[in-house]
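Note that chain A is present in both complexes that follow, paired respectively with chain B and with chain C.
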Partner chain A sequence: MAVSTRRLQKELAEIKNQGTPVGIQLLSAENFQEWHLSLEVLGDTVFAGEVFCLRFRFDNQYPISSPAVQFVVDDKWKAPTHPHVYTNGHICASILGNEWSPVLSVISVCVTLQSMLASCKKKELPPGNDRYVRHAPDNPKKTRFEYDDDTV
Partner chain B sequence: MTGIAGTTMQATPTTQSQSRIPTVDDLRVKLCFICREEEQYNSPEDPPRAWTHPCTCTLVAHEACLLQWIKAAQDDPTRALNALKCPQCGASYQLESDNPHPKILRLLDNANALLSIAGKVFVIGGLATVVVSFGFGVYLVLTSYGAHALRSMVGEEMYNILLTDEPSNWPWHAFINLPMIPVSLVLSRSAYFSSFPLLPLIISWPSSHPVTSAAARIGGTGWRLLSGPRDDLPYGPVFGWPPSPMMASLLFPLIGRIYREQYSKVMHAILGKKPSERGPVRDIVWDFGGEGPVPFRARIGLAVDPAERQRRQQQRREQREQQEQQEGQEGQEGQEQEHQPNAQAPAQDAEGQDQQGNAQTIRITNASIGRAIGGALFMPTIASFMGSVLYRLAKYSPTLRTILAIRPPLVGRRRIQLLGPWLDSQGFTRMSLLKKVGMSLHVALNLVCGGTRVWYESDPVWWRNSLGLGIFIVARDCIELLYLYLAKRDFETRRVKSRPFEGVDLSQLDLIHPPTSDASNGLVPAA
Partner chain C sequence: MSSADEYSDDEIDYYDEDDEGMLVDDDESASEMELDNFSEGASKKKIYEVDYESLSQAEVEKQMKSDVDSITSIFGVAEDVAPLLLRHFDWNKEKLIEKYMDNAATVSVAAGIAPPEKAPRRPAASGGRLHSSSQSSKESLIGPRRSSRRTASAATKSSKSKVLERVTPQVHNESFVCPICFDDTQTEFLSLVCDHKFCKSCWAAYIESKVKTEAESWIACMAEDCDVVAPDNFVKQVLTGDQRTWERFHELLVRHYVSHRPDLKYCPYPSCTYTVSCSITRASLATQVPIVTCGNSTTHKFCFGCNIDSDHRPVICAVAKMWLQKCHDDSETANWIKSNTKECSKCQSTIEKNGGCNHMTCKKCKYEFCWVCMGPWSEHGTSWYNCNRYDEKASKDARDAQSRSRASLERYLHYYNRWANHEQSKKLSVELYAKTEKKMEEMQMTSELSWIEVQFMKKAVDEVIKCRTTLMWTYGMAYYLESGNEKELYEDNQRDLERAVEDLSELIESPLDPEVIKTLRQKVTDRTVYVTKRNEIVLEDTARGFLEGRWAWNVPVAGLD
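And now, the complex of A and B:
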């Protein structure tokens, strides 16, 4: 059995036993290639009342290689308007790129993204959004993001 | 902190084992922070896997998992800087390895780094040259390099006979042949044009006639068709020592090929890799920024388009379904067949994963390009140097002298003709047209195979240079092999140094023998 499968089984068991943090819910985890989780920012933020869906894609090198994480954009779900989230759902966050480490998990990524949204003061699109969305690859891991802004 | 630990140890000298700082082996439950597998202290795994506590916080991991993570992080230049740091406490991991010759490895490491720097300098210099002298300049540079290479390879004397420094003397093919020399040298470096690097130097030159001025110097009246006494053949023998140009141009690639095969066998024997282990190239990364912050990076994805693959699988599935339908119409086994597509789908998935696992990424940096091209262009100079070394050595060894077939420089004034030996001018004019053509073809073929008489009789500098280059290549490969072997040894035997839980609040740890409550500073575990 692939290492990624065993590790994801452990994470799934942990979610089932201990539940998920507030505002985060497991929507689907039918296989060990792709999971969906819903994300909601609680409290008084610019995203109050909005629910988003996160798509995790794992290759068989997980957790050595990072999961491909993006917001789902379809008829039902929309990406949050945030300076680090493109309208196609791709997220520019260093923990999904060069700061990924195996000590992180699906839930800890969700929590980090939740706090990223919570600390946002103003709904803004990332600079160059249209251009990025036009040329973006299907898998956000193929994009080489520049992580320049630590404040948001 | 250590001071306190020291005093407690002094206070209880009789119970040394108790005051020992606990290590990863003292944990009741070990949880690998990478694969999340647990191991209880009283039910160790079989076969046991090594655990390590590499940092200053409470994270522990399987050593194999951690080494895998370190390797993955080191392979990615954007993460390499943090590859040896704990993601939680930031402490640096310390690697150890069993290396019998650490000094040699360091030395070779440094030499490797130096060569990379030289390669970079070469690329910058080379780029500047190319930009400045674009167009005709490029041609001039290539041609004059070719002339330089030829001079290095065949020696001064032969160079003055065949080419001279005066381009107006050059035979027509020199203007095509010379600029091709650097191109073919560089191409011979790539895996796709694996051939003997100096082939273009050897082919076509031996059959080239001396330029007029040189011919006047060495041959008196020179190269007059059908004249003079029949004293000489116009071409050298095909079989002889040193090998005739044709034999050499056949032999060198053959020897090169056999050598490469043997070399890769030896390499695989030493490095323990199977030749077929290389996966398909999925990604070529042009990383011209190198390790520096230059934002000049381009990625070329050669990955098989997943959509394309899916489409192909889809097609295959459809074909199968069609077959089934046909078979179902023909016979009664339709029901059994229907289960097949489902059964085969996972197998296809596994295949896809396999490809991903084996896939390799070729990383091209400016240093690696510089090393390859620079190395290739230095070949003739190296050959010339090695040849002169062999020549000097030959003074002390008659055997080597025979092998190198050293001859005195050409001095004799000799009449050399093209169609001398069998016929004089009357004979040739009396011959039938067919015989004339046949005779001309015969001479031309012999010229190509055996080279001209001048080539055959002069001191074969090219031969000792080729041998010298061969020796150089073998020596270089041996050093490279040693480097690879030492590096591999270092990599395979490296371990992450495990540290005791010094400075960690012991009450947080789930220890087999938990510290007693009175050990308030958390450093003195009791029995």
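And now, the complex of A and C:
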């Protein structure tokens, strides 16, 4: 059995047994290639009342290689307006790139993104959003992000 | 066996006869000897050559080792620690010594030798610690930690004992499961000094992905936010059984070292692992062209001073780069537009006239002008189809700009065509070699010349190709040379070489006439000597010109005053 399958089985079992943290819910995990989770920022934040959907895509190298994570943007879902989230749902976060560690999991990524949204004070698009979205690859992992701002 | 012996005896006889034959015709071998002498002379350093040394990967590793050893003995740290310290400081020994003496603990954390909280005063313990999965046995945990207080030699011993520890059979422990793969069949767990334990197969997958997909030799612990780095021995231990990844890791280490040493450069040819050592300074690149060849193959010729992967003598890097850029840019397209179109003298839109009369109306700004004189149409009165206002000032000015750009294009094309022509001939050299090879065989059959005696043909082709490279670049340089006496002398030398090369080239490509092979041989050999001499003159004189600051440029050249 591939390591990624075993690992995702384990993560799934943990989610089923222990449940998910507040504001995070598993929407679908039919296979070991793609999962969907919903994300909600609780408390008094600029995203109060909004629910977002995260799409995780795993390759065979997971968790050695990071999952491809993005917000779902379609008829039903929208990406949050956040300086690190492009309107096509791509996220600029170091833990999804060069700071990814194999000990991180789907849930820990969700929690990190939740706190990234929670600490946002002002809804703003990333600089150069339009240009990025026009030329962005389908897989956000193919983009080389510069992680320069860790205040939000 | 015996038949093979006989065969080799025959061969010896054959060569003996051949030698005698060579001795007999004295007059003929004279020029050949001259040629040999000449190429022998080339082994001495010429004015256009630089001193350099080719190093194999093993030799570079030896250099690295001596750096590591000196740091090991200065700091009294374990063998595994010194390479990490050096790599962290990009092999800048002086900086490392200064910073380490200043604050060993901070440096150790930054270099990934120790985890932040418990940075030891002297980070002697390093590297991979193997946990036999019987975690309860305290000895295995205390053992390596104690070594941190020992001297360097003791620490080295302890790392050896670790290897022994590895060999001892592992006790399967149910309680610990690797937090990455959750595979409860794994029995072998490893951690760095930070004590973050993972199973060996996860480590192996992780290191393989770092090394192969990221080409990264700086391998940090897999735990989140942990900056402790895996030392070489740990990597080796994990990669037992994956020799290819280990070799690649090793190559990455060497590449890292080479890239941070200004006196070293990696051979840029694909999958070549040789390094060239050359101590040329930035400033001397204004006068010297450091063309080097790595020890792997004589065709691995490259410039130590810039990124050009071939011999660009006699032209210095800055000028060569400028010329390549010029040829690479879409300058020809731009120049075509300039010479085949005119600009509306009012709104500067580009207009190509593809028919009709000379009364032009700009489609964009509706300005009316005359295509012939470029002056405003209103001044033309009623002479619709004849422009008799050619000398009016307004028309003249408009035309002057046009002709200037045309002249500049012509000038560029003059040099570019010659450059491209030699380049093309050079590209055909593979075919030429094949053709020459055939001719040499033919010669051996139709005349009594032996294999060794027909080598003059190959030598001639070698020389032609070498000289074409020189000629190519002399045109690139001539484009930027300010006209004057010096340029004229330069072009005289260039012309002499070109003429000699074309003569020789024609001779070796002409069809073979069995009647006159002997005279052909004489001629080719003579001309090869002459071409070699002309090439020397061009290379030497140009190099000397750079040293004397004799060349004047028509554009500013980077690095020159």
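By definition in this document, the second predicted complex is superposed on the first by the 152 of 152 C-alpha atoms of A that agree within 3 Å, B and C clash if a C-alpha of one lies under 4 Å from a C-alpha of the other, contacts with A are read in each partner's own complex, and residues count from 1 in each chain.
Rule of thumb we're sticking to: contacts are C-beta pairs under 8 Å (C-beta built on N, C-alpha and C of every residue); 3 or more make two chains touch, one makes a residue touch a chain.
Note that this is a predicted model, so its numbers are computed, not measured.
In the superposition on chain A, A:122 contacts neither chain B nor chain C. Applying the stated contact rule after C-alpha superposition, one finds that A:6 touches each of chain B and chain C.
Counted by residues of chain A touched, the larger count belongs to B, out of chain B and chain C. Once the two complexes are laid over each other on the shared chain, residue contacts for A:65 go to chain B and to chain C alike. Once the two complexes are overlaid on the shared chain, A:144 sits against chain B while remaining clear of chain C. Contact with both chain B and chain C is seen for A:102 once the two complexes are overlaid on the shared chain.
Contacts of chain A with chain B, set against its contacts with chain C after fitting on chain A, overlap at residues 3, 6-7, 10, 61, 63-65, 99, 101-104.
Per the touch definition, chain B reaches chain A in the complex via residues 33-37, 59, 65, 68-69, 72, 76, 78-79, 82, 87-88, 297, 299, 301, 306, 353, 356-357. Within the complex formed with chain C, the residues of chain A that make contact are 3, 6-7, 10, 61, 63-65, 99, 101-104.
Across the complex, chain C meets chain A through its residues 179-183, 196, 198, 201-202, 205-206, 209, 213, 222-226. Only residues 2-3, 6-7, 10-11, 59-61, 63-65, 97-99, 101-104, 138, 142, 144 of chain A touch chain B when the two sit together in their complex.
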